[in-house]
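Right, one structure below, let's go through it.
Just so it is clear, A, B and C label the chains in written order, and each chain counts residues from 1 on its own.
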Amino acid sequence: MPEYIVKESALTEFFKSLATGRRLLTPQGAGDKCKLEETGPDKVRFDYSNTHMSPKQLFFPQNENLMSFHNDASKSDPFVYKDLGDKANPAVIFGIRPCDAKGLSISNRVFQNDRFVDPYWKGKFDKTIKVGLACASPSPQCFCAAMGGSPYGEAGLDVLAFRVGSDLGLKTITPAGEELIKQTAASQADLAGELKNQEAAAVKSQGVGTDLKPIDDKDLMVLFQDPHWTATAENCLNCGVCTFFCPTCHCFDIQDEQSEKGGIRMRNWDTCMSWLFTVHGTGHNPRPSKTERVRQRFMHKLKYIPLKQDGTRGCTGCGRCVVMCPVNIDIREVALKMCQPQAPSQA
Amino acid sequence: MSDFEPKIVAFFCNWCTYGAADLAGVSRLDYPPNFRVVRLPCTGRLNPKFIMEAFKRGADGVWISGCHPGDCHYIAGNYHARRKFVLMHQLLESIGVEPNRLRFSWISSAEANKFQAMARDVVENVKACGPNTTFRKEDLKLGLAEVA
Amino acid sequence: MPALSDITSKIRESAKKLLADGRAEVVIGYRQGTVPLTTSPFFARSAADCDQLVWSNFSRINLANYLPGRPGKVALVAKGCDARSAIGQVTENQILKDNLYIIGVPCTGMIDTNLVVAKETRPIKEVVESTDDAITVKGEGFSTDIKKTDVLRRNCQTCANRTPKLADELIGAETPGAAPDDFSDIKALLAKTPAERMAYFKDLIKDCLRCYACRNACPLCYCPICFVDETRPQWLGKSNDPMDTLTFHLLRGLHCSGRCTSCGACETACPVNIKVREFNRVTELTVQNNWNYEAGLNWDQKPPLTMFQTDDPADFIK
């Protein structure tokens, strides 16, 4: 697909045309608390390394009402759950970073696949055109290249935007993206070479990541039973920060709430770091200590998701968990431990 | 506001205030019927969660009453409770619950008249505060109109 | 100002000796973080491990959090507040005094990363810290010196007990405490109307994600099952309903009353920068006013809610 360019002077006009007939969400907010929000097309922020939280909450909100009932016997269908369905409007998001877009594409395979389609996710996800913004100077916390991505990665995006001086270059990736850009005044330009050079420089600035192939090669049970997990989990607090900030964590909990007039079935983010996540009705908990819970998170990211999604790692290298973790548990260090040849058995 | 009838959750100790309420009843002392009583074995049993839950679910006031200090059936239950009450009272007042919504009293099982006076006072004061709109869980947004 | 490297080498030396003498099976300390502006709790079990221990201006997380229920002999690298928490845990029977060895480090306060990032908004790639009163942050084409007093955590600014005086040993000379918290902002708040106070506290927690990092980072929160996780009955809804969230913070404040040492671990752990300690400060003010008690200042004082006086003041109870 071709590349386009928008001159700096035409940027506001460009964003206005993106917003025609759709909601436009762009990076907003001060300092390091950047978030993707609906606002005027003249207030788009470019000087952010990444949004504070991952964009997954736009498609998979922390609390989402799925269905509800009323208990008014004088009206029809009292006490009958009604699907609240999909009320999403068409939208375009500008400024998703490639790591987060890749994260969305991983979650999308969880919520929409040949066995199951989640209507709540689908409604929002399929109606949204995702315009990414490439990272010319990745932040020190980032390691997308080490996880098989790129600061200029295209996975999960319809259009990839990148800065060319103070102008904005655009590379369309999907037909939907192509159609969107054609509606704007962006002019076609040959930027393939420029894009390639920028990407090479950005990847180089991240340094060489560790080769994680040993994890792919190792048997699942070998990784699972490796004795390092006790030490790896020792300083974990079992809070849920890593999972709430992770662009690919997608576990949820279904809850019913009632009030005087009726009730709601909602789903809320849940976290595998919590004791409550796995406790059974009997009181038995298959993940009784933090060792099992920490192992679950890293095995899920680095082994289970790759097994289920043709080798794509469940970590996209956005670095949020590394920085946000109150005790600095670093997934890169854990991955290194998982790569180590197994210690000879004690038996 | 004058026709506002508050809902008040009352936590009474089994050994004293609950008896006082009984005595007030059999003595035909009338008092306003705005409170629902939860009987506790001792005010020491009162968990702060109970107060929060009552307010959260829409109570306009909470009234806690137990034995006079020194008269606890379990020797020291209400002494321990008293320290907790200080904290709960201070904390809830500090975060903006009107002081008259959360009331504490000591009423022995013989003090039917004190019970009557206190019940009237509690209800009157909560009435003056008006309905509890800030320290309660909002009604669920069922969203059924949109999908009907 | 003592060099951090001196403190670090003394901690290592002491840790090695404790392990060699069998005085401790594990030394809980800090090691260098993998990203700038942080450290990571570290469990040293061998002399080689001990060489990873460091002391830094970012040794923030309260390591006493790892003590409750821990079997065996343990040594703890502790600031003033951490040592107080550990002592509190001894008085609450969470760990045996005989099993605990406190390596006290006289502290000059720890740095709030958010304040550093607010001062130097460019991406920080490296932090250089040689003494305990200043740091230098470096990145692409810049190097900025920052005085520690400008970026101290809120709780450190009002810490009167920086030296862990009851520790088994002290690394270096005692440090003077700061002027204690006068609660002037809380008192000013209490002078406002109930509606204003409610608005203040609701606004304070509006970003809360209910990740419970504050609870889990807290050395006082060692209940096997927290009230927020109870299901029979379920006290709190699981959504981000403002009232459910407020109830969590209120009850957390109550549970910590008379036990909080203002270590600031909760605020350090919070990923959305909520001043969660405001709730604790309200209860601490009440505890100090009514029972003149501060946690962790000696080995045998009983927490205020486990005891009573027959003449405790409570004029509001009629």
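By our rule, contacts are C-beta pairs under 8 Å (C-beta built on N, C-alpha and C of every residue); 3 or more make two chains touch, one makes a residue touch a chain.
Note that the structure is a prediction, hence the values are computed from the model and not measured.
Across the assembly, the mean Cα position most removed from that of chain A is the one of B.
When the interfaces B-C and A-B are ranked by how many C-beta pairs touch across them, B-C comes first.
Put simply, the C-alpha centre of chain A and that of chain C have 32 angstrom between them. Between the CA-based centres of chain B and chain C the separation comes to 36 Å, rounded to the whole angstrom. Here the spacing of chain A and chain B, counted between their Cα centres, is 47 Å. Those residues of chain C in touch with two or more other chains are numbered 237.
Across the assembly, chain A contributes 257 as residues in contact with two or more other chains.
Chain B has residues 137 in contact with two or more other chains.
Chain C contributes residues 186, 189-190, 194-201, 227, 235, 237, 241-244, 246-247, 250-251, 253-254, 257, 279, 282-283, 286-287, 290-291, 304-305, 308, 310, 312-314, 316-318 to its touches with chain B in the complex. The touching residues of chain C, when paired with chain A in their complex, are 33-36, 38-43, 61, 65-66, 117-118, 121, 123-125, 139-140, 209, 211-213, 215-217, 225, 229, 231, 237-240, 265, 268-269, 271. Residues of chain B that touch chain C in their complex: 48-49, 52-53, 56, 69-70, 76, 79-80, 82-99, 103-106, 118, 134-138. By the touch rule above, chain A contacts chain C in their complex via residues 31-32, 49, 62-63, 137, 139-141, 231, 234-235, 237-241, 244-245, 253, 255, 257, 266, 268, 271, 274-276, 319, 322-324, 326-330, 332-333. Listed in rising order, the residues of chain A touching chain B in the complex are 65, 68-70, 82-85, 87, 257-264.
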